[in-house]
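Below, chain A partners chain B and then partners chain C, in two separate complexes.
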Partner chain A sequence: MKRGPLTRVLGEHPVGTAFVTPYVVFIAAVFAYPLVFAVYMSFHDYFFAAPGAIVDRPFVGFANYATVLSDPAVRRAFGNVLIFLVINVPLTVVLSLGLSTALNSAIRWRTFFRVSYYVPYVTASVAVVGVWLFLFNSNGLVNSVLGPLAPDPSWLVNSHLAMPTVAIFVTWKQLGFFILLYLAALQNVSADLYEAASMDGASRWKSFLNVTVPGVRPATTLVVLLATVTGANLFTEPYLLTGGGGPDGASASPVLIMYQRGIEQGNPDVASAIGVLLVIGVLILALVERRFVGREDR
Partner chain B sequence: MKLRFVSLLVGAFVFLFPFYYMLIGSLQTEPDPSIGGAFPSPGNLTLHNYGEINKAIHLVRSLINSGIFTGGVILGTLVFGVLAGYALARLQFRGRGLVFNLMLLIQVVPFQLLTIPLYVLIVRSYGLADSYLGMILPFAINSTAVFVFRQYFMQLPAELFDAARIDGASELNILWRVAVPLVRPALLTGVLLTFIGPWNEFLWPFLITKQQDLQPLAVSLSNYLTTVSARAANPFGAVLAGACVLAAPAVTLFIIFQRRFISTNLSSGVKG
Partner chain C sequence: MKVQAGLLAVVLVGSLAACGSGGGGAGDADAAAKARGPITIWYSNNAEEVAWGKQMVAAWNAAHADQKVTAQEIPTGKSSEEVIGAAITAGNAPCLIFNTSPASVSQFQKQGGLVPLDSFPDGKQYIEDRSGDVAQQYKSADGKYYQLPWKSNPVMIFYNKKAFAKAGIDTTNPPLKTYDEFLATSRKVVASKAAKVAIYPAPSNEFYQSWFDFYPLYAAETGGKQLVADGKSTFASDEGKKVAGFWQTMYKDKLASPEKYTGDAFVDGTAAMAVVGPWAIATYKGKVDWGVVPVPTSTGKPANEIHTFSDAKNVGMYSSCKNRGTAWDVLKFATSQDQDGKFLAASGQMPLRKDVATTYADYFTKNPDYKVFADQASRTVEVPNVPNSITIWQTFRDAYSKSVIFGQEDPGSALDGAAQKVDQLVKQS
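Then we have the complex of A and B:
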């Protein structure tokens, strides 16, 4: 086919540009512009004003960041999210890889198992938070079963246990999605490798370590990354499960503090600074994780 | 073999028990937190709590709001997402690579981080607080669904499209009459994936709706949870009843269509 100069500039089907335009406008309006706007707000004295009112919002340099970094509640929230990730990410990887490997073998009731694992994932947090509150109440079922072993104060009102309990809740809730990802990845691990391993006399455990784990490494990188992003987004659980990040800020998350500072207290500039710091933190963590999990050359 | 089966069974118990407990608790007038309370005699079960929660938060109104919010997002995703997915899979145009990379990139942008600027823009600048449009806007096109649509359109044979183009059909016609009928399963997968987002979303509708009669069920239920749990002696019955109503549609849909939500549909995402 002869390609004119116009085709070379616009491509063979310029109508494609029209087809993607609504989507591109959507990305620009809902992702790109707000992202830039957040950075802008974080460097200015930004406050809410009546629509249309012309107000002066001066550039203040790093003042908002200084406010944020000297705020003990914010520092605590960032520390909390680290505790959350240290529990949630390894637990997610180990449990979802283990369960998906078991599911992948020819086994009875596969459909039943698969469905039961993703039921929490498709259910609203607000709904399952209700039942977890009931289960982990001071005189709830979990403590009745544990009897004298029940922690005092109870799980969600104990400053040492609140964050770990939230981390376990989120692991439980999200696990089904990660099991699906691993199940997909397991389809790509060649059966020949397992055969070779068993010919060499490797035990099932050895072949899991030497064939399965390296075989699904790209999926593990993805799981770790997505679990980290989910953890950084934590809001609903501390808001509802521990009554707004309680006890005494022990389970507050950065997004919760962002909501309190930005919307409840009317300081969107400070809240944006928290958001920017959180994005930077996630990026650094993602790079570190990629380095440790994604080393495919080994 | 036995060990695997037992560990899967234990896993299934841990995953399903809270749901059983939610249902049982919602059917008891005074949920009993003791071990025996998990196995009540059928005679003690009542629908009393469903009446209670309905009195407190107007269940039907909240469900309709959840439905409009979710329906709007699904509609936006089906119309604009299919167009974008088709273009990304089948059309050569300038900027295609850029759009594709943007689509992948925004899947890892944590949405909550955008809530403050989006709140300022949508609520303060555009005055869309307490409106369905404001609720729907940030979710209007689900990028994961766009990705799924693209994957399915890519799998169709190229000859089909060449033949239609030689016949002089417009791209919109080809999409509507040739491609869409062939990827019906993808549309269903896309709708399911899209459904759970807005149906379960809490933070965004919570931020922008102050009027009770506009709140989706997730928001009105959580407001009930935070205000009532402080004063009522035993609010769990009504909360669990509301939780069951909120969970039921999503769980039912995913059990009915579980075949559409299996690894093969997502595998391309992992390989890429």
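Then we have the complex of A and C:
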């Protein structure tokens, strides 16, 4: 059948194209254009200027990347975020899977627990940071409970413990969302499989390992990827909880450094270079994770 | 999605600049300098300044129906500077902002966001006649004024009389002149449990926090030196190291806390002292019975020789302003002797004009608590008006935080290292 020129452009189903177009435009304007522009900025001596101001923004090649990579603060921030991810991602997977399995069973107060885990997720970080400052300062509740075992300096001002504390905070805060993902996935694990395992004499633990874990593998892939992406973009917690990435940059994150360099110090070119490196880093990490965690999905 | 959001924030502001169309060349600027008509202004969002701003605008509008001023509080953001920077880039900054931080002026200037006030025939003379010698600190590297020095909050040491009395310390003339006296007094406060810590400067890492711990004492110790002078850093000197050593002892001996505090530690009674300017008095009313003394020096200089950080906020005229003739007239009206008097009465902050104490003698007779600030206002030190100003302060803060607050490096070598970096940053400009 011969296709007309309009069909060639709009495809067999032009109505479908019309439905898709607004979202494509949205993605192009809000994600693609800024990303391309950020790459452009990272290769120029770029700064924000008033409309009409005559400014010179020459091409500088990889100079901004050289600046970024030779900056100990930036290198440390990338190292910090790796520490964060090593703690946050496995903890998120283990806790959210364990708790969702528990919440999926017929336990008392199930709805109450489900809501309780979700509340921190929907509460603004700014609001809960104050509570955590109170819990984890040197005279806080946690140290009072620990007594002589309390660390000195205390959690948030201890260069070894600040980032792990931030990682635990973020894990706790986002747990509700990941529990929801797992709860949805658990509805798709057939009860027949549990029944068969039980008939074969499998214990609850064995059932969990051999039925639940493989059954929710696609959700685990999603949880790992989302936890990595949100974790790599850590900003609010080091900004508020540890007073700007303290102590001595031990909890600084790449996005916090981007904010300092780009917005506060007026060097958006350097900030863009950090951002581009971060995007590349997250993409590589996501591909590696997908290869290992999501291997049965291929 | 924050990665995209972070890039997006950076980029959207950038793309606005890239897409922006002509806002005026030299010819337009000359025409704009004479143009008159309605203008917009922004002022700070604290209740006292809002009240003053409203009456000032009402007084202007009553007499200038054809040049109406529309005023609003600075839109909310992480900081005023961030909001102003974005507004400059977007081309929608108001004509005047009565809350321009001197530390940001070089950056706003680089963005092409500020109008040099010297471009008005009487601009330079008006600024220098009003503020006297202090005005020189606010000149930019090209010798022009891109800000009108408006008001200062000379930083001093506030103390809680009740806590001092509990610790057995004289409440009318407390021993706080020298570093040794200050440390001894602090130890008494903590040992007597009159307060958990003696003083609580914010230990966080924001670039501006050094204005409220190191810098006032440095200004006092050096007799008024800025952090950078004549194209070189000055702080890695004996005086700078003495100040850093003093604060290091305060943290090491747990007389100050390295932990972030939510709220006001002085008002809450967690700290017996605060290092702050007179703007804070309004927040202490009815909560703390306070006294005030100048910041300490190593040798205990007399009060009338002590310099301190100004904590000034100024007025900038922004290049997106079309009716600059009106904006200049409003600026002069808002900083006239009459309006400065009203500002002082409303806020307790010191207009940056010479002879504040004598010009407003009646006010200081009625409000003797404020007299000491008027005296101190004549010996204030501003942040250096140099390019890369914020980066310089962040570099300094990083070194100070690492060594003085968290004790992970010797303060002397940390200051030496920071000085090298700062010298490079100054050279880049």
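The criterion applied here is as follows: the second predicted complex is superposed on the first by the 269 of 298 C-alpha atoms of A that agree within 3 Å, B and C clash if a C-alpha of one lies under 4 Å from a C-alpha of the other, contacts with A are read in each partner's own complex, and residues count from 1 in each chain.
Convention: a contact is a pair of C-beta atoms (placed from the backbone, for glycine too) under 8 Å apart; a residue touches a chain by one contact, two chains touch by 3 or more.
This is a predicted model, so every value here is computed, not measured.
Asks: Look at where chain B and chain C land on chain A after superposing the complexes, then choose clash or fit.
Replies: Chain B/chain C on chain A - steric clash.
Asks: Should A:T67 be classified as contacting the first partner (chain B), the second (chain C), both, or neither?
Replies: neither
Asks: Quick one: is A:L35 in contact with chain B, with chain C, with both, or with neither? Answer first, second, both or neither.
Replies: The answer is both, since A:L35 touches chain B and chain C.
Asks: In the superposed arrangement, which partner chain does A:L156 touch: chain B (first), chain C (second), both, or neither?
Replies: Only chain C is touched by A:L156; chain B is not.
Asks: Quick check on the superposed pair: does A:L278 touch chain B, chain C, both, or neither? Answer first, second, both or neither.
Replies: both
Asks: On the superposed three-chain arrangement, identify whether chain B or chain C touches more chain A residues.
Replies: Counting residues of chain A touched by each partner, the higher count goes to B.
Asks: If we overlay the two complexes on their shared chain A, which of chain B and chain C does A:E12 touch? Say first, second, both or neither.
Replies: The first partner, chain B, only.
Asks: I'd like to know which partner A:S198 touches here: chain B for first, chain C for second, both or neither.
Replies: neither
Asks: Touch check for A:Q187: first (chain B), second (chain C), both, or neither?
Replies: The answer is first: A:Q187 touches chain B but not chain C.
Asks: With the two structures laid over each other on chain A, which partner does A:T242 touch: chain B (first), chain C (second), both, or neither?
Replies: second
Asks: Applying the document's definition of touch, where does A:G266 land relative to chain B and chain C: first, second, both, or neither?
Replies: It touches chain C, and chain B stays clear.
Asks: Shared contact residues on chain A for chain B and chain C?
Replies: In chain A, positions 30-31, 33-35, 37-38, 41, 46, 48-49, 51, 130, 133-134, 137, 139, 229, 232-233, 235, 243, 255, 258-259, 262-263, 268, 271-272, 275, 278-279, 282 sit in both the chain B and chain C interfaces.
Asks: Can you check the complex and tell me which residues of chain A touch chain C?
Replies: Listed in rising order, the residues of chain A that touch chain C are 30-31, 33-35, 37-38, 41, 46-55, 73, 130, 133-134, 137-139, 153-154, 156-157, 159, 229-230, 232-235, 241-249, 255, 258-260, 262-268, 271-272, 275, 278-279, 282.
Asks: Any idea which chain C residues touch chain A in the complex?
Replies: It is residues 1-18, 20-25, 78-79, 81-82, 85, 88-91, 93, 107, 110-113, 196, 202-207, 257-260, 262, 319-320, 388, 390-391, 394, 398, 401-402, 405-406, 408 of chain C that touch chain A.
Asks: In the complex of these two chains, what residues of chain B are touching chain A?
Replies: 1, 4-5, 7-8, 11-12, 14-16, 18-19, 21-22, 25, 31, 33-35, 37-38, 80-81, 83-84, 86-88, 91-96, 99, 102-103, 106, 108-121, 124-125, 127, 137-138, 140-141, 146, 170-172, 196, 199-200, 202-203, 207, 218, 221-222, 225-226, 229, 236, 239-240, 242-244, 246-247, 250-251, 253-255, 258, 261-264, 266-267, 269-271
Asks: For a test of understanding, state which residues of chain A touch chain B in their complex under the given definition.
Replies: It comes out as residues 9-17, 19-20, 22-24, 26-27, 29-31, 33-35, 37-38, 41, 46, 48-49, 51, 98-99, 102-103, 105, 107-109, 111-120, 122-135, 137, 139-141, 144-145, 172, 175-176, 180-181, 183-185, 187-188, 218-219, 222, 225-226, 229, 232-233, 235-236, 239-240, 243, 255, 258-259, 262-263, 268, 271-272, 275, 278-279, 282.
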